[in-house]
Every structure is written in structure tokens, then in C-alpha cells.
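Shared between the two complexes below is subunit A, which has subunit B as its partner in the first and subunit C in the second.
Take a look at the complex of A and B:
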């Protein structure tokens, strides 16, 4: 009886916190909409119906889930380990540009399955390479990884822009982009749908990471280091290994998300492209409290929010930036919900 | 190709360096106080950005640079106090709150700018009045050093003042005590919460001013996320300076050099892709952290919310 009550109380706590944060953010966002002269109810109705109420919206949202899921998998690892990697946008770009640059070279030489695997690995390696410097500086010299990953982000934007404008530019003189992959060299769709298989990759990654953190010895070391660094050191955990591994994995997942978007949606890397998924994935994994299974519905929610926002900025005149505001508010209200939880012990 | 010893090159390099370092100096002084008091404010970037946006709007309407600067400061203060409420009163994780504030500022400034101006990028008619220091501003090659905006001179004067306040006054002592051992400071009658709120208020003024300087003094327009990491660079500069305001000048100066090289090298006509020049400030920050900020000792209560017993 007691156990059941504790169990249901915990389950309620997992749900109530994020739901509160989301609702509060939507209310606060609604007030902002009202101030800038939009009807919040109408805006939200359109946002949700465009994102989750039409075939096109659902398809696009499911496609958008893939990079969010993959990136979230990496963030779960790194945040659980108590390390901050906020440069996911840059790692995403490096993974994407590597996949987009190499794909045309190998697409006719490898069987299609290995071609995808190789490019996925390249994306992973690309993203991981971009956190090497922050990871080593953090592990060796305790240099703040937040600052360094952020700096690497700006370097990545410029570096990929250079690559796409010069060495990888497939059409000099026109809008710079890498060679466009033919449809048959992009990720195939899940049968009976128009959603490419990146979604399945994302779901698998998030679930794998969830069990990796919960069930494996290494995952336990990550959690221990994240919860109590001093005790972990005392218990003989190699904290430097944890920092470097967690950061490399998170960067790798961000890079894989980049390869996924190139192979699944874009078919090439275009200049100025920077979808900044990390800015959605960070609030997302906090709302999910680093729980892989909670990430999945939230990723769908964030996806249809951003797809709805994109559709709406074409239909009505509420720019896509509103969704960015709403997501930032969710992160802030997530913090508030933690306060309320401590304060009231209600949930 | 212009000679490297040509006067235009030096004018752009010297003048550009000091102009570019001004927002960093201002924001870093503020962050120095906040961090010395035991709080890490990653929302600094957002405070600067909202300051830049608000100042731009105010200056565009009034065509008065000082009203613009004051509005920018006010915007910084609002975000600073909001951040303070989140991390001091609600005791939310400071990194989460800082990132949230930062993302919020990027989103809301972009949203409002798009709604107000659509796809246009209006430019404020020339309102920036540079203050040329008599005689010194006539020196060849170095003329641009002494032909800066008033705010730039103020930022230089603020550096020694900030050092004096932090190390030589009782307020500064309180700030550092609160950052090292808030419980002990509390026992000795220091109001921990008020001290921390004050540092954030102070930072809001300076970061808002820094952002405002960027949009209406250095430039005369606003673009999406125009701070481009300057808030994070300012935080890095504070770490490089090991929380001593006197050290802020060097880091900010170096950022300024890297930034002004962007234009300087273009004047020289060097055939380096522009992207590599644009990377310079960020590479320099990492390199410097690597050399100077190894195993730095942080204020003991850094990032810990204070709970009164």
C-alpha cells in the first residue's frame, strides 16, 4: 500500500512538474502575445492545429523529432554526469558538414546500408571532435566547459561557412552549398509513411542511452559523478574519464543529429544553415528530468510546436521566434517548478 | 595592397580595438562583482542583447543617444533583477536560469524586431558624438585612440573604480565575503540576499550599457543576436582576470584587437577568407583560458544558493 502510494506519487511528480512548466510558459507566452497585439487563443489554436492537426504537420513534426531525440540522448549523458555541453549547435553543424562533404564521394562506392552507417559514424566523429578541446581543458585544467563549448559553437559556424563557401562548394557562383544528394541516396522512409528512418534511430538512441545510464556500470559512474563529485572521487571513480567520455558522447550525438538532417531532410549543407536544435533540446531534457522515456513525448511536443511555428509564420504573421521564446520560458518555469516542488512537497 | 604601416590600418586597428573592447569591459566589470558574490550569471549575454535592442528602439524613436543608453541600462536591470529573483529567492540552478534568460532574450528581441520592422533593418541617423581629446587626437597613426565615444572613456575610468570598490570598501568586502562564506557573512550582519541583489543590479546597469553601446554607439542598427557571444566572452575575461577588475582590461583589449583585425586585415587587402578572421576572437579566448585560467580557484560559494538557517 505504502509502496503503491510512493510509486504513484513519484509518477505524479514526474508528470506534474513538466506540465506545470509548459502551461505556465504558455500562459506567460500568451500574455506576451496579447501585449504585442495578437489573440493568444487564436494563435495557440493555429499553432497546435497546424503542427499536430494536419497530415503534413504530423509528418513534419515526426521528422523534426529525429534530431531532437538524438541530441537529447547526448545531453542526458552529459547532464547526468554533471558536465555542461551547451555548444550542441556547433557540434551539429560539424557533423552535418562532414556527412554532407563525404557523402557524394562514397555514395557510389559503398552498399547503401554501409554508406549510411559510415556517414552516421562520420557525423558522430565530427561532433565528438568538436568537444575534444573543451573536454580535455575541463578534465585536465578545470577550465569552464560552458564557456569553451560556447566559443567552439561560434568557431563552428564560421568554419562550416568557410567549408561550404570554398572547398565543398558544389556550385561556385551560385548560392553556396555542398553537392545535393539524389533522393535514392537519402534516408528511406518508414514503410507506409513519409517519415524517414531517422526517427527510429532517434527513438533507439534515447532508449539505449536511458538504459546505459540506468543499468550499466559506466552509466552508474556517470550518475555518481554527476550527483556527488567529491564522493565519486573518494569512491575511486576516474572523474576525468567520466568528463571526457560524457562530453565526447554528447558531442557525437549532436554530430549524428547533423548527419541525420543532411541525409534525411536537406540532402546537402547550405550556407547560413543553422537550425539551433540545441536551444530546444536543452529545455527539453530538463523538462524530461534526464529521463529517456519522458524525452520522447516531450520531443514530439517540441517538434509540433516548432513545426506549427514555422507553418504559422507563413500563414499568420506570428514569427517563428515566438516558439523560441516559449521554449526559453519553459526552461525558466521548469526551474520554478523545482522550487515549488521543494517548497510545497505537493508533487 | 596597403602597406601594413599605412595610417588607415592603424587608425582602424587602434580605434576599432578600443571600441570593440568597451562592451566587454562594461559587462565584465558587472560580472566580476556578481561572481565575487558567488553567483554565475550566464544570462549576461541576454542582458547585453536586451540592452542593445531596447537602446536601439529608444534611440530610433527619440534620436537621442543618451535616452537610448539609459533605456538599455534599464532593460539590463530588469533582466538582472529577474535573474536575481530566480536564483536568490527561488534558488533555481543558476546555470539553468542563466541559459533560460539568455535564450529568452535572443527569442524576444528577434520576435519584437521582426514584428516591428518586418524584413527591414532601419539605421539610426547619426547621433553618436565622439569625444576627441584635444591635441592627443591629432597624433598621427594614434589619432583614433583619443577619438572615442564618451562611454569608452567612462569604461576605462570604471576599471580602477571597480577595483577600489571591490578591494578597498566595506561593500566590496561584503560582496567577497558573501561569495566565500555566506553563512559567516550573515552571522556578521551582512545581508546576503541584498548584497547579491545589488551586484546583479549593478551588473544589469553595466551589461545593459554595454549592449546599448554596441547597437547605438559602435553601430547604429540592430541585428538578430548581435551580441554574438560577447556575454560569454565577458565571463571568460572575468575568469582570466581571476576576479580582479584590474585584469579585465587585458582580456577585453585582446578581444578588441582580434575583433578590429576583422576590418584591419580587410583594409590591408589580405587574401584570408573572412571566416577565419571572424573566428579569431573565439579562438583567442580559448587559447588564453588554456594558458591563464588553469585550475583557477573560484569563490568558495560559487554557484551555491544561500539558504538562511
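Take a look at the complex of A and C:
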């Protein structure tokens, strides 16, 4: 409620933190580039021109936004509720493998629209199912959800790898992957672009979640439990319900992101595929301070970074993990800016 | 009192603003060596802000501070500590799971190993000089509030503080503990320490201090030197003078006396042999049985930590009963969840207004719909919050209960403790309870707010609400309750009539002395 009515001065304050973090990370990243023997100016020029200055770069970045947006929607819910879910990668894979495994079976039996809806739901259910165990352990026995969601990741990686190599392997003997969907059974592009409609799904999800958190009674419960668990119990809120529901929703969104990537880009689930979007989505959601609208530009920025980084590594030979270094630096500097802000408020 | 003339602290023209609010407006304050200087004022008068400035936590917008005659620049509490100025905050800052010694070493230990031997030696000396007895190996959670207060003071002595600022140090102490605590303070100043004593209780200020400075709405409204004044003889005039200073604008009236005896004697809430454990699994509520009637205020007296909190939580539905039965109007409600208790009209004012009774980062309006956010008109079609209704409700409570806030969009963390307590009271009463459980509802509040809350509770009981009033303030219990039950180590050892029982009698029962 209070966030909706912020003044322009406060709005500026909200923007300054992330902007400072991004700029500082680029500077610090530049120093690292210099140390490992690259010209930072030239490298950044290539990063920006390849990632944001070419048609291909922009299209690929917009496609990459979709999974980040969908995953962020779920993370906003779970973090707002004061619970952690850092196993988004595993939930993503389970959602993806479920969609990829079932899609060939139903693609000729359902009208195309329902086919997409059913696969989206399957992805959601897959992701949510993967978070059931951590959610129940957390709600019932107060077992740390950070550790359990993370451990479930390793199981997901190996479990999906097994599925793709054996029961779901479309052509045993060749490269292990699920049956490749024909182009017309993949998500259509937004008209006049080469970006599939997953982007729109992501934008809708993140905005819906934003208003869900701020404007609904259930969202109030989530925020309540996240802000002050003790007071929530005092007010008669069922904390266990909040924990389980928030975790299931966040897992569901991660699974939906997986289905989205299978249906939008890959057309199948290939062995060893693990894009680890959660590691970008988690810092991204923190940088956005759990605000759905702030997630959108940041998601573009992160997508551009990773796409630009991939292109750049081919063109300039800069290791691709430099982008991950830059993302990590952003989070560190964001922490610094939060700290400075707190200090300046205190005095 | 051996008050010298040398001043150890001089604050001149201190001004501090928080946004629009002027918390301190050109305040002068000086502390002489060997003095206990009381800083008196109601909640939000600016006492704590002024002392937070002296202890280095806040920077003044204007004004100068001199410590031991030299101008001081205090960038942090560490700077103040280095100059011998230390503060004990109202909410204590000890680590419950560590021992007394470990807590004292925390933040003072500059070596890589714990300087146990050295510390033990020094602490023994401190407790000998000042008469502060405390066992160094005991864990903090095992100590009473009074003992914890003592640990905080020892901690400051250990750091070599000469000037101690105590923020409402007695608010968590029982009457007996306060006596002992005052003795310690007298010992301290006799050996050359100086104390600033923040309080809103006039009696305490007169009892212990040699000078009183009164703040009102951010301004200094007067200073009284008690040296050479016969306090016993002039008590009445002094009190009147101070009250006038504290409430420049507001009128100060005596509390209304108790209403007529209740004629209706219907049992509303009954407990039979209720036993429950605390958070650590210890049985802190043992076989408690009593009945509260319609329109009755049933007081619960007892030393803090003797099962009162567990009693309140069991009735509110927040804590499970191990054995026994709770009935409301003959319906068994044992171990029902909070929401069902609320549905039946039981509401609970927690003693913990900051961390349980409110959410600091929520607006006042959001804090006012704690138990009713799922109900009309706060929710539309069962899903969406109706922001307008929520804001209007918040503004209504602000008006009806004269809560000091600009409007209901203010975050609760910007309110003072007294106003938060008013908000909690306003909220729980807005649900029209039939049973109200109130745990220390006026604890730590100024005279006006206390008066207000007691009157409100009385008025509700006259309209038929059954009230369970838990308090450590015997005057409050005697004033408001029809009957008073005394708890001792988890048991309800006796129920006495509220009017006839004397404070001494209740005080003895609180210590478990039965005859």
C-alpha cells in the first residue's frame, strides 16, 4: 500500500541503489579485465555493441528475458513471504523435462492453444512438485529450506539426465534428447518479430504477481509472514500454509519457465542442458527490491549481459564466465549501497 | 547526595529533526559529577533522542556537546564510549544464549583469545565497589529482567564509563527489584559516577535524582534542582510543578474511580486445571483454574516471567494446552487456533508491542487490519484488498484514539512506543471483543496514555466485556480490577478482591508468602 503511493523523491532513492550497483560492478569488472590482460574499454564496447547494438543481440536478449521474468515472478512471492527457494534451477529442469516428455504425446490430439496451456500447467506442476519436499520439511519441522532446495537441485540434474538418456530418449544411440518438436508445435513469435510469445507470458506473470502481492488478501498474508512471523502468528495467520503455498508457487513458476524454454527455443530437452537461470534471477529480484515493475528492465539488462557475454566470448575471447563475475559484483555493490543508505538514514 | 559543581557533560542548543518532526528544539542539558539527573517527559517528548545524541547514536542538526569540559565530536557510540559515556537502552542488547561474562567481553575483547582471567578480576572489583552482584557463568536467558539490567550496567563499567545513561531502566522491573536497583544507583554516584535517568514516572524521578529536567514536545520546559529541598514536605507542590511542565497543553485529570459493582455474574471464560509449557519446553503454567464473569476485570498479579505470558497465549489460541480445559460460554475452546478464538470474540493485547503486536514496515492502516483483513469491507469479492476502506479504518482509529500520526499511510516504525500501544489497543477494541486479554497494556507508557488506556478498559468492562488484565503494576491492578489473582511460579495461588486487598498483601503473595 505504502509503496504504491511513493513520492518522486523516494522513487529516485529506489532507483539509485541498483544503478549505483550496476555502474560500480562495471568499473570493478573493468579492473578485473585489466588484470587478466584484456582492454576493458574495448571489451565493454564489444559487449554493448554485440549485445544491444545488433538485431540478433536484441532478439536473443528478449528471448532470454522470458525465463528470467517467469522465474522472478515466483521468487518475488517466496522472498516476500520470508522464505528462501534457491533451487530454481532444479525446478526449472523438472518442469522442462515434463513438458518435453509429454508434448510429443499430445501435440496431435489437442487444439494448439490448449496444447500450450496444458504443457504450461504441466511445467508448473513439475516445478511445484520438486519443491514439495523442502516446503513440507520447512513448514512441519522447520528444516532449513535453503539447504534442502539446493540439494534437490543435484537430484534434479541427475534425474532429468537419466530420463533423457533412457525412458524419454527419442533416438537411442544418437545424442540423447527427447523427441524434437516440429516448428509449428513450438511457441509462435510475436508478430513482426522473431521473439516468441514467452516474453509476453513473462511480462504478464511478473505484473500479475506484483499486484497479487500488493493488492490481495493472500498477498497481505505473504508480506505479513515475511515481515514479522511472530506478529503473523499473533494475528492468527496460518504460517505453515503461507510457507508451503509460497514455495509451491515459486517452484511452479520456475517449472513454467522450463516449459517455456522447451516450447519456445529448444523444442526438446537435451542431455546436460542446465542453463541455471536461477542464479541470475535471484540477484535480479533482490536488485529490483521485489518490485515486479523494476524486474522488467533489470531482466532485460541481465539477458543482454549474458547474450552479449556469449557473443563477446566468441568474438574477443573473453571468458564467458566474466558475465557471472559482473553479476556477482552487482549484488555485492547493491549490498554496499543498501548499507550506505541505512547509515545515511540513521544519521 | 554528594553533588559537586563540576559538570561532566554539557549539551548546548541541541536541535534534531526527523523529517518534519522536531524531536529536540534547542535543548540545553548539563550533568554534574556525582549527580543522578532525571530526564522526565511523556512518550515522544524527545528524551531518548536527546540521549541518543549524547551516546553518539544520532548526530544533532545543531548544537554542541562538551564532555569533561572539552568539545566532543561523536560520530558513533564508540566515540562516546571512548569518552566515558555509555547508554543502557530500553530494550536490552544482550545475547540470551551467551553467559554474563561472554556478553561483557563481546565488543570489548580486542585480543584473539578471550581475556577471561583479566575480565573476571576486573568484574569482581566492579561488583565489590558498586554492590552489583551477578554470577558470571550464568546464561543471560536464565536471568530476570532486573539482573539483565545489572549486566548492562556492569558492561558499561567494564568499558570504563563514567557517565551512564539509563533509558527507562525500571520499566521491566518489579517493585522489589526497583528498590534494589535504586540502592545500586546511589552506590554508583557515591563513588563518583554520574547518571542520566530517563523516565516518565514522576515518583521515581523525585525518589532517586538530585536534578530533574523536564521535556515536553521536543522542548525543555523546565529544570528543578532538588539539592537542599525537603522532598517529603514539598512533594505535592513539586509534583504539581512537574506535571504542569510535562503537559503544557494537555489537561491532567485524576482517573475516574471504579464504577458500580457488577450485578451480572454470568461466567464467560473458565479455565480448569490449565497446564502449558513455555518456548523452552518448561512447564511454566501449572493447573491454573479461574472464572471471569461478564463485565468483570480479572487482574493477574505476579513477578514477571511466572507464567503470565503463557496464560495469555493459551487463551488467545497462540499456545497449546497440555492438560486442562478452557471454556467460553460453556463451549469447550481448548486449543482452538487464533482465528477461531477471534471468531468467538476473544482478543489479545500482547505485551510485546514492537515485535509481536505490530509490523514495523507496514503502514498504520495495514497494522489496523491484523485479524480482519479477510472480512468486508477490507476485502472485495474475497480476494482483493480494498485500500480505501483500509485507509479509512486506519484514519478513524487515529482520530478516535488520538494516535499521533500524520495519516494512516505512516509506517508504524515512525511511531513512538506509546502510540503503537494505542494503535494495538484501538485495533483489538475495534473488533468488539467479548473477552479481552491485556498483557501489561500500559507498561512503559506516559501518564496520559496510561490514564487513557485504563479508562478505556474500564469503560469496556462496564459495557459487558470480560477483561483479563495482566500487569506488574499493583496500582493499576487495584484501580482497574474487580478481583485480582496472584500468580507465583506458574500457579494461581490466591484470588483477592480488587478493592479491599492492600498492596502489601498482594506484594507478599507475589513472593509466594501465603499467610
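The criterion applied here is as follows: the second predicted complex is superposed on the first by the 338 of 347 C-alpha atoms of A that agree within 3 Å, B and C clash if a C-alpha of one lies under 4 Å from a C-alpha of the other, contacts with A are read in each partner's own complex, and residues count from 1 in each chain.
The rule is simple: contacts are C-beta pairs under 8 Å (C-beta built on N, C-alpha and C of every residue); 3 or more make two chains touch, one makes a residue touch a chain.
Here the structure is a predicted model, which is why all the values come from computation and not from measurement.
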Check: So, A:279: does it touch subunit B (first), subunit C (second), both, or neither?
Finding: first
Next item on the list: Pick one for A:224: touches subunit B only (first), subunit C only (second), both, or neither.
Entry: second
Next item on the list: Pick one for A:321: touches subunit B only (first), subunit C only (second), both, or neither.
Entry: first
Note to self: Between subunit B and subunit C, whom does A:215 touch in the aligned arrangement: first, second, both, or neither?
What the structure shows: second
Next item on the list: Return first, second, both or neither, reflecting whether A:137 touches subunit B, subunit C, both chains, or no partner chain.
Entry: first
Check: Now for A:162: first (subunit B), second (subunit C), both, or neither, which partner does it touch?
Finding: first
Check: Touching A:193, do we find subunit B (first), subunit C (second), both, or neither?
Finding: neither
Item checked: subunit B versus subunit C, judged by how many residues of subunit A each one touches -> B
Notebook entry, point to check: Taking the contacts subunit A makes with subunit B in one complex and with subunit C in the other, which residues are shared?
Noted result: none
Note to self: Considering only the defined contacts, which subunit A positions touch subunit C in the complex?
What the structure shows: 1-2, 4-5, 215-221, 223-224, 227-228, 230-231, 233-236, 238, 346-347
Next item on the list: State the interface residues of subunit B toward subunit A in the complex, per the touch definition above.
Entry: 42, 86, 90-93, 95-97, 99-104, 106-108, 110-112, 114-115, 228-229, 232-233, 235-236, 239, 273, 275-276, 278-279, 282-283, 285-286, 289-290, 293-296
Next item on the list: Over in the complex, which subunit C residues touch subunit A? Could you list them?
Entry: 57-59, 316-318, 337-339, 341-342, 348, 350, 352, 355-363, 365-366, 370-371, 373-374, 378-379, 382-385, 387, 390-391, 409, 411
Check: What residues of subunit A sit close enough to touch subunit B in their complex?
Finding: 32, 36, 84, 86, 133, 137, 140-144, 146-148, 150-155, 158-159, 161-162, 165-166, 279, 282-283, 286, 317, 319, 321-322, 324-325, 327-329, 331-332, 334-336, 338-339
